[in-house]
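Below you'll find a set of structures to go through.
You will see two complexes here that share chain A, one where it goes with chain B and one where it goes with chain C.
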Partner chain A sequence: MNLFGPFWLSIQLALVTTLILVVIGTPIAWWLSRTTTRWKPAIQAVVALPIVLPPTVLGFYLLILLGPDGAIGSWWVRLTGDALTFSFTGLVIASCIYSLPFAVQPMQTAFEALPDRYLERAWTLGASKLDAFFSIAVPMSLQGVVSGVVLAFAHTLGEFGVVLMVGGNIPGETRVVSIAIYDHVETLNYAAAHRMSLLLLAFAFVVLAGMFVFNRRRGAR
Partner chain B sequence: MIRLKHTAAKGDFRLDVDIEVPDTGITGVFGESGSGKTTLLRCIAGLEQGGGLPAHRRNVGYVFQQPTLFPHLSVRDNIEYGAKRARTRRMDSAKVVGILDIGGLLDRDPGSLSGGEAQRVAIAAALLRSPDLVLMDEPLAALDRDRRDRLLPYFDRLHDELPVPIIYVSHDIEEVSRLCDHLVLLDAGRVAANGDLFDVLARTNVPMLSGRNAGVVIWATPVDHEDGLTKFDFADGDIWAPGEFETGRNPLRLRIAASDVSITRERPAQSTILNILRATVEKICSVDDATALVRLSIGHQDLLARVTNRSVRCLELREGERVFAQVKSVTVKH
Partner chain C sequence: MRAGALFLVALFAWPAVAVEPVTIAVASNFYATATELSTQFSDDTGIVVRVSNGSTGKLYAQILNGAPFDVFLSADAERPALLEKSGHAVADSRFTYAQGVLVLWSRDATDCLAVLQDANSGRVAIANPETAPYGRAAVEYLSGAGIWNAVSERVVYGENIAQAMQFAATGNATIGLVAKSQLRAPQLPEPACTWEVPASSHSNLEQQAILLARAAANNSARRFYDFLRSDEAREIVRRHGYELTP
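After this line comes the complex of A and B, so read on.
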C-alpha cells in the first residue's frame, strides 16, 4: 500500500487528465493548425506557457485561482460545497493546464503537415467536416496524436511542483508518487524512495519505448 | 443543360462565369495558368470560401491534379469511401472497377501504386459517390507523357459507357481536342468562348486560339492502308495520315494544326505534301502585324490555316475564293 498507493493515485490522475486533454486538446490543436487569425501567436504562447514557467509559478497562480476565494475556486465551493485546492479534482484541473502543451503541440505539428487536399477530397466524397476529421485527419496524423497522448500522460505522471503547490500531501487524495518520493527522501527513508523511483523510471521507460515502437512501425508502412 | 454561375475574387483576380454546358459527355475548360480554371472547379465543388452549400452536400465528384488517395486505407476502402457516404448508390461498383481496370489493385496499399494507377483509383472513388457531375482538374498533368497516353483510353471508355457528365480542366489543347465534346475557353476569369468543341476550334476570332493553339479537329473514318499510311474519309473529302489504323471502325478524331496548313492558288504539280485539298476561303482574320488565320471550308468541314499577312496580300486572297489547302501534318487523336 505504501508503495503502490501513491503510484496508483498518480496513474489515476494521469489517466483522467489525459482523457480530458484528448477531448479538449485535440480540437485546440486542430484549430491552431488551420486558423488564419492574427491572434494565433498569442494563443499559441498561452498554450505553451507551462513548458517555460517554473511549476511553482504556475502552481502559485493556480493555488490563488482555485482557492476558496479564487475566481474558479469560489464558484466551485458554491456549486459543490468543497474546496478545489488540496483535492483530487483540483489536481486534475491543474494537471490539465500544466500538461496541455505536451498534448497540443505534437498533435498540432502533425495536423499542420496534413495537406488540405486530403480533407477537400473527403468532403467532395460526401464526408462532413467532422466525419472527415475523424476518418481522415486523425488516422493520417495518428503518430502526432499518439505522441500527444503519451507525452501528456507521462508528463502528468511526473509532475511535482504544481502538485505540491495546489494539492499538498494528503494520502489517497493528493499524495502522488513524486510527492511520496520527496517525503521519503526528507525522512531519509532511502530504501522506500529507491523502490518508488525505480518503479516510476521503469514505467516511464516502457511507456515511451512503446510510443517509439508504435511510431516506427507506422513510419515503416 | 447544367448552369454554371460562379463569381469569386482573390486579390486582383476576379472570376465571373455564367454559362450553360451540356449535361452529357465531356466539357473541356481550357485556359492558360491563372485563367481561373481551378478556381471555377473549386467553386462548383463548394471548396471555395463563402460558396453557399458545403462540399459534402453537393453531389459532385472531384479528381485532383495530384492523385490524392488516403494512405491509411486500402485501395478498396479508398474506392468505397465515397460510395458509403452516397445518398443513392446509382453507380455499379463492378462496372466502374471494370472500366478503369483496377480489379487487381483492390487489396493493394495506395503507396505501392504508380501515378497512373493511383489516378484511376481516384477517378473510381469519385464515380462511386454516384455524382451528378464529375470535375477533373488536369488529372493527367502530374503524369509523364507515356503514362498519360496509356490513361487516355480510360477516359474514352468512361465517356462511352457511363452517363455522368464530366467537366475536364486542362491547359493542353491537344488533350482537350482528344477528349472533349464541348469546350469552354477561360481567359482572365471570363468566358471567352463556349460551344461545341469542333465549332469553337474552327473559330478565327478567338484570340486565345490564334497562336500555337490554333487548329481544328475533324471526325474521319479509316478506310484504306498504303505505304504505312492510313486513308481517312471525312464528310467531303479524304486525307492521309501516318500509321496503320484498323479500317471499318468508328470515326476517329484527327487534329490539324493551323500552322501545318498552307494555301496555294494552283494545285502544285510536284510536292512532297500528300494532302492537297480543294477548299474555299471562308474568312480571313488578321491576328497580329505579321500573321492571319484563314478559315477554309472543304464542303462542310472547316480547316484553319495560319499564314502571313504578306502572303494574303501577294496571293490577293479574298473571302469566297477557291484555293488549295496543303496539309503538312495530321495527328490521329484516338
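After this line comes the complex of A and C, so read on.
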C-alpha cells in the first residue's frame, strides 16, 4: 500500500466536504445568528449533536439510512444503481453531518458579533441583501468564516469511527488515511504507520498554525 | 472507628483471597461459542471469565503489546506458534480447539455461486485478509476459483469476520464469506442461500488455542484451558458448527 494514496483520498474527502459545508453551513450559521424563533435552541442542539454523539451512533444510523434498504440508500440505488454505503459519496454525506457543527459554530459566533446597523446602512445605500452579506458581513466576520472552513476540513481529515462502520475499507474509494493507519498498526507494520502518522501530524499542524497566524494578523489590524 | 478500618482492610484484602478471574482473547468467529463455553465454565466452577473479541491479527498485536489476556483462542495456528516462539506464551500449550468452516451467505440472493459470478450483483463482504484468517481463506478460495480479479472490485472488507457478517446481514453487501459458526446467531435474518466452501479450496482454518505467559501462575486460567480440552467443551464447539480433530 503506498503512502500517499490514502492520504490523498482523505484530502479529497475533506475538500469536497468543506466545500459542501461552506455552501450549506454559511446560510445556517447566518440564519441562526439572526433568528428570533423560539425553536432556535432546538435547532442549535441538532447542529451540535455530532460533537457529542459517539461516531458509532452516527455510523449505526448511517448504515441503516444509506444502506440499500434505507430511506436514502434505496432512493439512491434507484437513481444510480449503486448503494451509498461503502462508497466515496456515502463518506461525503457522513462527513458533512459529522463536521457540520465545526463549520457552523465559528461562523455563527462571528456573525452574531456583527452589529445590524452595518448591514442596514448598506441596504439604505441600495445594496441588495445578498450583496450586503458578501461585501459587509463576510469580510467583517472573516476570522469566524476561516475558522469554520479550517475546522471542518481538519475534522473531516481526522474522521475514523464513522468510516470504519460505513466505509468497508476499499482502497482508493473508502480507505482513508486514518483507516490505513489503523490497518498498519493492526498488522504490526509500524514503519508504514509511523510514516503516515507523521505526515498527518505535520499536515494538521501546518493547517492549524496557518489558521492561527491568519487570525492573529486579522486581530492585530 | 476501628471497625471501619477493619472493614476497609477486609475490603482491600478480599480480592487477594477470592478466585482470580480469567481473561480470554477470542477471534471474532468464535465469540458466540466462547461466550457459551465461558458461561458453562463459570456455572461449573464459579470462576469469572472475561471474553475479549476481535480479529486474530488485532488480538495478536495487542498481546505483543502487553494486553492482559490469559488464554488466546486464535482463528489460525500461525499466530499462536509465533507467540510461543517469541516467549509470549507457555511452551507446548498449543492445541487445536476447532476446525473452521468457510461459508457463503446471502440474505437476498437465492443462488450464492451465481452472485459471485455476476459482476452487477452488488458487494461481496469478506474479513480483512491481513488480520483475519477467514478473510485470507476467502481470498484464497476466490483466487483458486479464478474469479478474484473480477470479484475484488466488489469486495468490502470487514474489520473482522463479525463486521463482514453484519454487512451481509443488513443487505449492505449482497453476499458474505463468513464462518459457519456465525450462522447460529438468533438475531440473524433467514438467509436466501448458504453454501459451504470446500475445505480443500483454501488453506486450513485450523484454530489453535494457547496459554499465554501471563497466565502461568493463574490457576483459574489453567482450569479454563483444561476445560477447553474436555469432552463437555468439545461438544459445545461442535454444536456451533465447527469440525473437530480427534
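As a working rule, the second predicted complex is superposed on the first by the 220 of 221 C-alpha atoms of A that agree within 3 Å, B and C clash if a C-alpha of one lies under 4 Å from a C-alpha of the other, contacts with A are read in each partner's own complex, and residues count from 1 in each chain.
Assume a contact is a pair of C-beta atoms (placed from the backbone, for glycine too) under 8 Å apart; a residue touches a chain by one contact, two chains touch by 3 or more.
Bear in mind the structure is a predicted one, so any value in this text is a computation, not a measurement.
Once chain A of both complexes is superposed, is A:M140 in touch with chain B (first), chain C (second), both, or neither?
first
Between chain B (first) and chain C (second), which does A:T37 come into contact with in this model arrangement: first, second, both, or neither?
neither
Quick check on the superposed pair: does A:E186 touch chain B, chain C, both, or neither? Answer first, second, both or neither.
Second partner only.
Which holds for A:D131: it touches chain B only (first), chain C only (second), both, or neither?
It touches chain B, and chain C stays clear.
Would you sort A:R117 into first (chain B), second (chain C), both or neither based on which partner it touches?
It touches chain B, and chain C stays clear.
Could you pull out which residues of chain A sit against chain B in one structure and against chain C in the other?
Shared contact residues on chain A (touching chain B in one complex, chain C in the other): none at all.
Spell out the residues on chain B that touch chain A in their complex, using ranges where they run on.
Within the complex, chain B contacts chain A at residues 45-47, 54-56, 58, 60-62, 64, 66, 68, 70-72, 81-82, 85-87, 109, 111, 122, 125-126, 129.
Would you tell me which residues of chain A are touching chain C in their complex?
63-64, 67-69, 83, 85-86, 164, 168-170, 183, 185-188
So in the complex, which bits of chain A are touching chain B?
Contact set of chain A toward chain B: 117-118, 120-129, 131-132, 135-136, 139-140, 142, 221.
Which residues of chain C touch chain A once you look at their complex with the stated criterion?
Residue list for chain C touching chain A: 55, 57-58, 60-61, 64, 122-123, 125, 128, 130-131, 155-159, 167, 170-173.
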